[in-house]
Each structure stands twice: as C-alpha cells, then as structure tokens.
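After this come two complexes, each holding chain A, first together with chain B and then together with chain C.
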Partner chain A sequence: MPASRPLRDIAVVAFAQTDHLRTTDELSEVEMLMPVLHQVLDRTGLKTSDIGFTCSGSSDYLAGRAFSFTMALDGVGAWPPISESHVEMDGAWALYEAWTKLLTGEADTALVYAYGKSSPGSVRDVLTRQLDPYYVAPLWPDSVALAALQAQALIDAGDTDEPALAAVATRSRVSAADNSHAQLRGSVPRGDYAVRPLRTGDCPPIGDGAAAVILAAGERARDLCERPAWIRGIDHRIEAHGLGVRDLTDSPSSRLAAERAGAFERPVDTAELHASFSSQEVVLRKALRLDDSVDVNPSGGPLAANPIMAAGLIRIGEAAARIHRGDSDRALAHATSGPCLQQNLVAVLEGDPR
Partner chain B sequence: MPEVLKAPLVVEFPFTRSLGPVQSAFLTGLRERVVLGVKTGDGRTLVPPVEYDPVTSEELGELVEVAATGTVTTWAWNHEPRRGQPLGTPFAWVLVKLDGSDTGLLHALDAPGPEAVHTGMRVRVRWAEERSGAITDIACFEPYEGGSAELTGSDGRFEEMVTGIVAPARLDYTYSPGRAQSGYINALSDRRAVGERCPSCRKVYVPPRGACPTCGVATSEQVEVGPRGTLTTYCIVNIKAKNLDIEVPYVYGHIALDGADLALHGRIGGIPYDQVRMGLRVEPVWTDGGRYPDHYRPTGEPDADYDTYKELV
Partner chain C sequence: MSKEPVAVVGIGQTKHVAARRDVSIAGLVREAAQRALEDAELTWADIDAVVIGKAPDFFEGVMMPELYLADALGAVGKPMLRVHTAGSVGGSTALVATNLIAGRVHGTVLTLAFEKQSESNAMWGLSLPIPFQQPLLAGAGGFFAPHVRAYMRRTGAPDGVGSLVAYKDRRNALKNPYAHLHEHDITLEKVQASPMLWDPIRYSETCPSSDGACAMILTDRAGAARSPRPPAWMHGGAMRSEPTLFAGKDFVSPQAGKDCAADVYRQAGIADPRREIDAVEMYVPFSWYEPMWLENLGFAAEGEGWKLTESGVTELDGDLPVNMSGGVLSTNPIGASGMIRFAEAALQVRGQAGEHQVDGARRVLGHAYGGGSQFFSMWLVGATPPTS
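Up next is the complex of A and B:
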C-alpha cells in the first residue's frame, strides 16, 4: 500500500544541538537546554511567543528526578501559558506529536526539543527499568547485555562478524571527525569486551546533551528557511516486548514504518540511523534496504554521540540539516526506543528540487 | 565559578504488582518447579506466557506445561556481573527455547567460560533453593547433555496461587543541582538568600533555577534578597507528617522576600496559627547547624499593603 500524502506540507526549518559531553555537572537540565532553544529561534527569527506548539521528550529516570521536564519548561518561556506537551520518550516521538498537531491546522509552527543527562546515574542500570517488570526486569539485564544477545544472533545467522562490527564503529567515528558536537571523534580503539560479542568500541558513549528543531507548515516554512527539509512521510511502529518472541536479526517494525513513510518509493541519498550499537546498524541496513550508495550516519551517529532521549531527534535534525545545506535531496531518519530496536520511527525528508 | 555541589541520591522503591491469571499461574508454577507456557490460536506455545497474543492480540489463557530443559537460541558472555543480576560470577545471558516452547526465555546460564557456551547447546533449569513465585525462582540455567526432561503433568492449577510480586528497584545517582541552585545553596550556608535577575524582564527569581520562565532566557545576575519578607498566602496544616517533629496545626506559607519577584515557601512560627494573615511581615529563624531557615516568624512591623504583593500571590 503506497504511503498517503500528508494533508499539509510540513518541514524541519531549523536544528541545533549541544556539544555532547560525558558530564555537565555545572549545568542543570534547563541550563543545558537553553542555548539550543535560542539557536533554533535565532535561525528562524522567531520568538518563543511566535511558536504555535511546543513538545519535548525526556525521561526522569536518567537524572533520578520526578517531573524534571517541568523545570525544563522555564527555558521556553512557559508563562504566560503556552500550548505544550511532553513525551516520556525520545524527542523524535515529540516531533511526531508536533507534526500531527501541525497537520490539524491548529498551529503553523512547532518547537520540539529533547534532552538527556545520563551522567548522574548508571545508564545500563537505569534502562533496565523500562523492561517487562514481571519476567525480565527482576533479572537486571542491562542495555549492553541485551544488545549483545542481538549481536550474537546476527553473528550466528551469518549477517555479520566481529571485524565487520568493528568496521561499522570505525566508519562512524571517522565520520564524526567533521562533527564538532560529537563526543567521540576520529579513531577509537575496539576496546575490550563489554558483554561479548560486543566490545566497548561497539557501544555508544554515555553523555549529556540536548537538541531542538523547529517545524513549520506550508509557506511559513519557506519564509523561515531557505531550503526547508520537507517531511514527506513519518510513521512509527512497535513489536512484541518479549525478546524471545522476536527475530532479533530483523526489524519488521522499522521496515513497516519506512514503508508507511514512503521510504521505498524512491532511493534516499542519506540515512541517519539511531543505531546505538554497531550491530543495530546491521539490522537496520537490512530492514530499511540501504545499500552502499546511501551515506549512512555521516554525522557519526549514536556511536559518536548518544544523549539518551535526544539521539533520535538528532537523527532527524542531522538529516534535515544536510538538506538545508544542500548536501542531501532525500534523506531517511530513524529513531528507536526500547531494548533491541523494540520501537522504531522513520521519517523521510526532502528538499525542493534543484 | 564557585564549586558546583554534588551529593549521592538513591531512588529506591519496592514495586508491588498484581498478576493476571496467566502470570499468576506461571509464577506459581515456578514456585512448584513447573514451567508453563500459553497456547496461541495458531498452535504456538509462548514461554514465558503472556495474556494477549503478540501477533493477533487475541486473549490467551490455555496453559500448557513445557520441559525444564531446552536449547540456547542466542547468548552473550557477561564477564562482569552487575548488582541484582542472577549470578555473582561471570555468566552468559541466554535466550532458551524450552522443549515444547516456540519462544525464548531470557535468563542466565552458569558456565565456566565463553568457550563453554554456544548457540544450540542444551541446558536445563537450576531451581533456586527458596522459591516464592518469581522469575528468580529459576536460579539460572546450567549445561545439560540429554533429551527433554519429563513433565510433572501439571494443569496450571496450584494451591495458594501467587497473585502478586514485589520487585525491589534501586538506582544510584550523583545529584548536582547545577550552577544557579548551587549558588543559592552556598549562600544559604552564610545565612543569605540570593536570587537571580532576568536580563530581559528584570524580575528576580528565588530560588534561582537559571532561567526566566516568562522570557525563556538565562538568568545570571545574582541579587541578594530578604532577609525579611511578606507572607503572600498560607495554609493551616492539620495532618502530622511521618518523621516530622512539628506539632499540628501549623502554618505553611508563601513568602515574598524583600526584593524578590517570586515567593518561596516555608513554615510560619512564633505566632498562633489562627492569627496568621496575608500581608504578615516575617523574617527567617535559623537553628544551629541548619542548612536553611527552620521557619519564619513575625517581625512586628505593620502588615504590608495588599497592592505591594498582589502580583506574587
């Protein structure tokens, strides 16, 4: 079934991200976030009071503070009252909500932001709290262990091997040499096993960071941006929470989301994949039918900077920024959430023909 | 910049959860050394069992016993076990397809090293000595050479079904309040209150959080406020809080410190609760070793005029 065209043309018109750092003790979450909010506003000339809808993504579990996102609202000038929403997920899902809001015609512009401070806690332990609380969470399987199970399944299936995984990590970090925001740049050693078969080089850095984008509809987008990154389609899908129910070597939810977003109608030239582990890129390349003609994660991807809850939004932002700059005409952006690529979002972005 | 504060923060909670009929049978079964799966409409057996078919979303409830032996479908070697994980010595995480099941169960495999583990290897359940009806009643899996273990013949009905679990969770953090709030807390140790002024609207926020919620810009100019202030609004507390050594009723109020454009909150003391009123002028009372004012008491000044604090109520 072909993807249906959106009711309105909606584009990403601005993107900004922080430098992603291992720790940012001196900054509260709102202090970390504010500079990127100001950057996207400055780039479009909009003021906070011009924004029709604001939506954010973050997780209280990272910092261990209840309702931490309400504090972050200080950074967007939430008084007097604004039209606002929050998702306890990656900011890519906040962008999805903002996109649907713009589709309704109730707003013409939206500010989407996401942030994660992983430094206060232990990410591997924190992420166990998103697992099934009856059968899985009591065993405390950490995020690296679950990714390693997926990696071994890929190796057993003949889809990859350890040198190929190392090559994914190396390519990502070499690409990140041009990304001044990345946390790990240039060559990074493969390292020791974290959880075999994954080495530290196959795993993303742990860090703090934030990102923001502005969406605009129709002519408004052209007013705000020289070359808007039009969202041609966006869709997200989920699969069974039980890891043993899924085929870990495949990502049918990514494939379906991509199909519904129109990704397979014409080739893309760029793909920004939220593959936090080298092994996940192997799964996603297959599911999303990306061949060597596609520039995958030219930003370095999550292996170079992985601020949890912002990393997926950054994929959309990086893809859009390439269109803004004229480096891409048609890009795929992917975001994920949950263990072993449980939930997947795919957006297809295009620039106007040149 | 003065040193940013840091302190350990532990978030700990015993998650208490009730079980539906399928989960109840499965976990009670583990207590009785029986592994149960659930049948789907197309004849598959899911272990661990779920209440709804992940493919069709059909409601499931037909329990069937599967063997306590099975085959590893994928694995990962964990050389550094973490807190809470099933084994304290290096082990393999495994997905095990138990004999008679069509899906994988996640657990730990006790093996001497990664060279002793491979996909397709045969394993069996090692039961925990003490079992309560939890996934941890399976202590782990262990290597096993042989065929399918015999079934017990259970139909999934047991005496004294387990109807709930308590899953303790603990996460350890190092909390840092950031620059603005560190400045506030550090000033308090000198018994001073400082706020931050918004460069745009000029309002002074106490305690400062580093941002102006109206303008959405960073605040940075530190401003000393108080010590005296005006009670803008209050409530009378009649419920005694656990571990709080304050007699009820007492008064809790919003206090606009002189020079501040945001009221902070604190307890009002030194005056009978039924004589407290809006506009009361108050000052902080510090106790020895206190990190913040213990309470605020009347200064004896005439009450403030409503117009002087109405924006702050």
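Up next is the complex of A and C:
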C-alpha cells in the first residue's frame, strides 16, 4: 500500500516543554501550562489571536475531575473566541487532529498542547481504569505489571535479556544528561525489581509536565522558522485491547503506521520513541526497523521524563527540535497509548536539504 | 486548494433509555455502529478510520474507553481518535471525522458518540470539588438557571415560555421511535405543575439521563455516489471556544456561539438564516435555551427569541421547526447528544426522519454546546452537494 502523501506541506515550527518534576504541588495545571504556551508563542512571534486552530490532549482521570481541560483553556487566553478542540489522548493525537485541520485549508497555523500531573494520585492504579471495565479492570492489574508481562514475553522469545534491558535504560539516562528538562539525568542504578523481570531502572519516572508545539503550513512555516521540521507523513493505528489476542513481542500497529507515514522509504537518522519501559524499546526497534545507525531517544526518552498525556507530543517536539537545530535531517517520532503499546502513532519529520 | 466534499450516508442510533442493562458499553456502541453501516449498506471493511467521542470518562468510570472499545467498533488495524469537548463533544467528534475526509486523509469514516449514564451518576460526576475554582453547583441545572433568569430579565419574556418548549419537545419525541422519554399523557398543565428544581427551571423542563449511542458514516464524493439512499451533504461546520469565566462573558448569548454560527453560515453561503434554513436541531438541555439559542444563532433579533417560540414558529408544523426529534429535553446520553443533533439534521435533509420529518427540509442546522456555555460546534447539512 502506498504511503499517504499530504496535500499540503505542514511543519512543526516551534516546541516548548516544562522541566518535568516528580511533584508540582504548588502549581495548578493552568499555572504549569502557561509558561510553556508563552515560550512556544514567543519562539514564533505569534499571539493567541494569530493562531488558526488550537488543539490539546489531557486526561480527566489524571486531574481527578470531569472537564478538567476547560480550565486549561483559560491559560490559552481564548478571547476573542478561538477555533479549538480537545482529544482525551496524548497530545500527539491532538497534533494529528491539528494536522488534518490544516490539510483542509481552514487554518494555516495551529497551537497544540498537552499536560499531565501524575503526582496527586497513584498512576499505577489510575491506569488500570483504562482496561476492559467488566472483566479486567476489577482485578486492578497495574501498568508496571502489564509491562512486565510484555518484557517476560520478549525474554522468553529470545528477543532480549535483563542486561540488554539495563543497557537501554542506562543509555537513555546518560543521553538525558544533556536535557535540562529531563526528570532523571545521568546514570541511574538498575534498582530492585519493580515487577520481575523489570527493575525500577527499566520503568519511567512518575512526574508532572506539559509541552506545546506550533504547526504551520507552506510558506507560513518558512516565515516562522529558519529550518521547519516538515511532517512528511503521520499515521496512527490501534490494536485489539485484550492482551490475550496480541503478540506482545511485536507491534504491528507501529509497523503499519510507520509504513503509512513513509518511514521505510528512506532511512531516518533519529528516532524519538515513546517507550515508557526499556522492554518497549526492544519491541519498537524491531517493528520500526531501527538499527544501530539511528540515534534513538537522544533526549533521554520517557525513561528520563514521562509526563503522561504529554510524553508522546514531546517525542514529536524533540524530533522537530533536532531538525530545527540542524542535528537531524530525517527523524521518526512515535507516540503510544494503552496497555503494552496498544495504540501507536508515527510521524516522519524532515528538514530542508542542506 | 479545495476541500473534498463530505456526505453523510449512514446513520444509526440506539433506542435511548434510562438504563440499558442488557448490553455492555461495547454492546451499546456496536449496536449504533451496526445500524449506521446497514443504513449505508457498507461493512466494517469499508471503514478507513473511527472517530469516537463522549463526555467525561467519569460518567462510566472508564479512562479513555476508546482503548477498550477498539474491538467492538471494528477499529483494530485502523486509526482511532477520541474527542472530548464537554457537552459539545458529539458535534465536535463529527467535525473531526469530517476533516479526515475534507483533508483527503481517508475516504470513509465511522464516527460515533455515546454515553451509558446508568453505569454511574452524572450529577456527581460533574460535581467533583476543586479548591479555589467555581464548582458546577450540584449538576448542570444549578449552573445554568441563573443565566436563564438573566435572559428573562433582559428580554421581559413571560414565565411560561420554558414550559411551551418542553411541551413541544416531549410531543415531538412521541413521533421519534429512538427518543428516551415517550410521555403519551403529556399536557402543558402537567409541565407547568411539575416541581421547581432550580428556579425558574421545572422538573419537566430538564433533560433526562439516558443510555445511548449515535453513529454516522461519512464519506467523500466517490463514496456518496455509491450510496443506496440520499446522502446529506455538509455545507459548513465550525467549532468555537471561549473561557469559562471572565468579567466580559455574556452567559446569555456567548460570543463563541455567535462566531461559530457566523462561520458556518459563511461557509454555506447563508445570508439570512431565518429564511434560508428550514429546520434546526439545537442543544436544549433546559427548555429556556431554545429562545436563548434562537437569538444566539441569528434566527431572531436580540430579545425576540421567546416571541418565535410563543407564536408557534418552532413547532413541528411551524415555519422554523426546532428539535423535531424531541431534542435533548427528551433524550440525553450527554456525550452522544451533540451527535444526535447533527445526525437528526442529516436525517431531515435525507427525507428519512419518519413521523417527525419536516416536509421539504433542504437545509438543516445541527448545533451543540458544552462546558459553561463555552464550547460550540455546529454543522449545516443540505440535500444537494455544496456548489463551491
């Protein structure tokens, strides 16, 4: 099947994120988000009123209340009224919605943001509420236990072993030493077992954070950014929910999304993967055909900072920022949702030839 | 660059009721989706992507239920997006699905919205306290009643207008087999005598809590050409948002609603909505919102909306029928209510609204709103393809 080609060139032209922290008790979600919105707008010189479409991603379950995103909108400054929407998903999917809006030609610029505060509750318990509400959720299997199931399946299949997983974690956190926004930086010990075979070092930190991106179409993108990160393709796919009907050692939805996004047409030099557990990087490297020539998670990835609902958008933002800086010419960004990589999004970003 | 025209070729709803104890959430959404596919004479294999919406996850107690619902909606191996824009979500969900086609990302998309309110308690789902922020005052009625009162003061509308709306919508619901409330013995006197809940809103002037789902199959020009039944064509669609609370906010007639309608009319080439639009399905969860939205949407001058209602213009056989299906006042699975408005508008221009069909309905507006009257989504559908 040929990869879908967008009818209009659309690029990420700016990216901003918070410093990701274990707790932000002193900040409301709006207060956490505001500086990021200001930074991303400042980077382009745009004002809220210049933006053609706004879209956000967040979760009521993290916030602990219904309609939690309505207050975040106050931080955007939606007056006069704006064209705006929200997905109850990671911000990467908000970016996808904004991308489709720009494709229709109804807007030339879009502001995308996402945020999540995991600190007020027990994120392991909260995420169990994503599961089949009748048969699975009542058993409260938590996110680390489910990831451990996947990790064990990989080890049993001979795809990895515990030292290899530790190497993934170490490499990520060493890379994060250069990322001032990361929550965990520099070397971190492997730690004790969280749930066998995963040690604490294989698991992401729990933390709070926000991110924002600005998209622009065509010449508008060149006006706003010296080296725009053009979205050459973007696609996302979902798999069955039940873990029993999936091969946990593979990610067919990632592969299909990558194919549709054109990721396999030419090699990428960078990949930002939303692999929250070291074992998930093993699955994704295989599905996305990433060999050792690719710089995987130079930001440190989710093992260094994993603000739920924003972590996927941050992957796109980090990949785009590398293109903006000239550190990458063609990058793959990946986001995921659901237990054990159920739903996956892949974007391919490119800078203009040099 | 021109957008791909978008057509509605399949519509499916569940029979909305207080509690669907016979099906799971997955069973409920599957039923509506299956009916939409049957209407379009398509199969699951014909669907390229699924866009699903509902109001807060707390209403069923499932976080991001699209993950669990992927199998039931035939989405495995496909893109699936989950929209949430408070009460306007049903409309916004349809518009997000529309963009996938208009932007030529996909050819045929299933869009669906649902709420299974019996799984939880919507009143308390909306009343979780947050320090230092305006609470929703024990459910939505407590929030909206003062704004209705403000409307009455501002316009001098007589006390009985709200009851007229409720009486009309509940009678219209009797003609709609999918409507939740079928009050065969309804009289105006019964509405007027019902208990006062949030003055001036009476019990019979409020929406019920429903279980229900609504689905639509949207497609491009090629898909519409293969449609076995007349398609409804989208002529305009828009979303607008404004902050919940600020000093300059007009809760009676929010600017975001006016701007959203103006954008839709501009796209559809409508200069005079009162004359050029044949019928309206609008989001009226409390009866007084009919006259309020008539003004906000430009069907009546400011202060004049209640006169249209009082004179019978908005009756099913009136000059501008409003909520032919019985509206939100008769059926309110919150997350689906906006999409039901959009779908009912499409049913009308397809000539498939059955007993509540408006003769000669060619252009019909579907309207939804949410949050503290801050999120709006609307579309205008027509019986013929858009010309521009």
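Basically, the second predicted complex is superposed on the first by the 354 of 354 C-alpha atoms of A that agree within 3 Å, B and C clash if a C-alpha of one lies under 4 Å from a C-alpha of the other, contacts with A are read in each partner's own complex, and residues count from 1 in each chain.
Criterion: a contact is a pair of C-beta atoms (placed from the backbone, for glycine too) under 8 Å apart; a residue touches a chain by one contact, two chains touch by 3 or more.
Please read all numbers here as calculations on a predicted model, not as lab measurements.
Of the two partner chains, chain B is the only one that A:Leu248 touches; chain C does not reach it.
Contact with chain B, but none with chain C, is seen for A:Arg124 once the two complexes are overlaid on the shared chain.
In the overlay built on the shared chain, the residue A:Thr70 is in contact with chain C alone; chain B does not reach it. In the superposed model, A:Asp42 makes contact with neither chain B nor chain C.
Residues 61, 64-65, 71, 73-74, 77-80, 126, 129, 133-134, 137, 239-242 of chain A contact both chain B in one complex and chain C in the other.
Put simply, chain C touches chain A in their complex at residues 1-3, 24-25, 55-71, 75-86, 92, 95-96, 99-100, 102-105, 119, 125-126, 128, 130, 133, 238-246, 248, 254-256, 259-260, 263, 371-372, 374-375. Considering their complex, residues 4, 7-8, 54, 59-61, 64-67, 69-71, 73-74, 77-89, 93, 96-97, 100-106, 126-127, 129-134, 137, 235-242, 252-253, 256, 337-339, 342-343 of chain A touch chain C.
Across the complex, chain A meets chain B through its residues 25-31, 34, 37-38, 48, 61, 63-65, 71, 73-80, 120-122, 124-126, 128-129, 133-142, 145-146, 148-153, 156, 193, 195-198, 239-245, 248.
Chain B meets chain A in the complex at residues 1, 4, 6, 9, 11, 15, 17, 19, 23, 27, 46-48, 50, 54-55, 73-79, 82-86, 93, 95, 97, 103-108, 114, 119, 134-136, 165, 167, 169, 171-181, 209-218.
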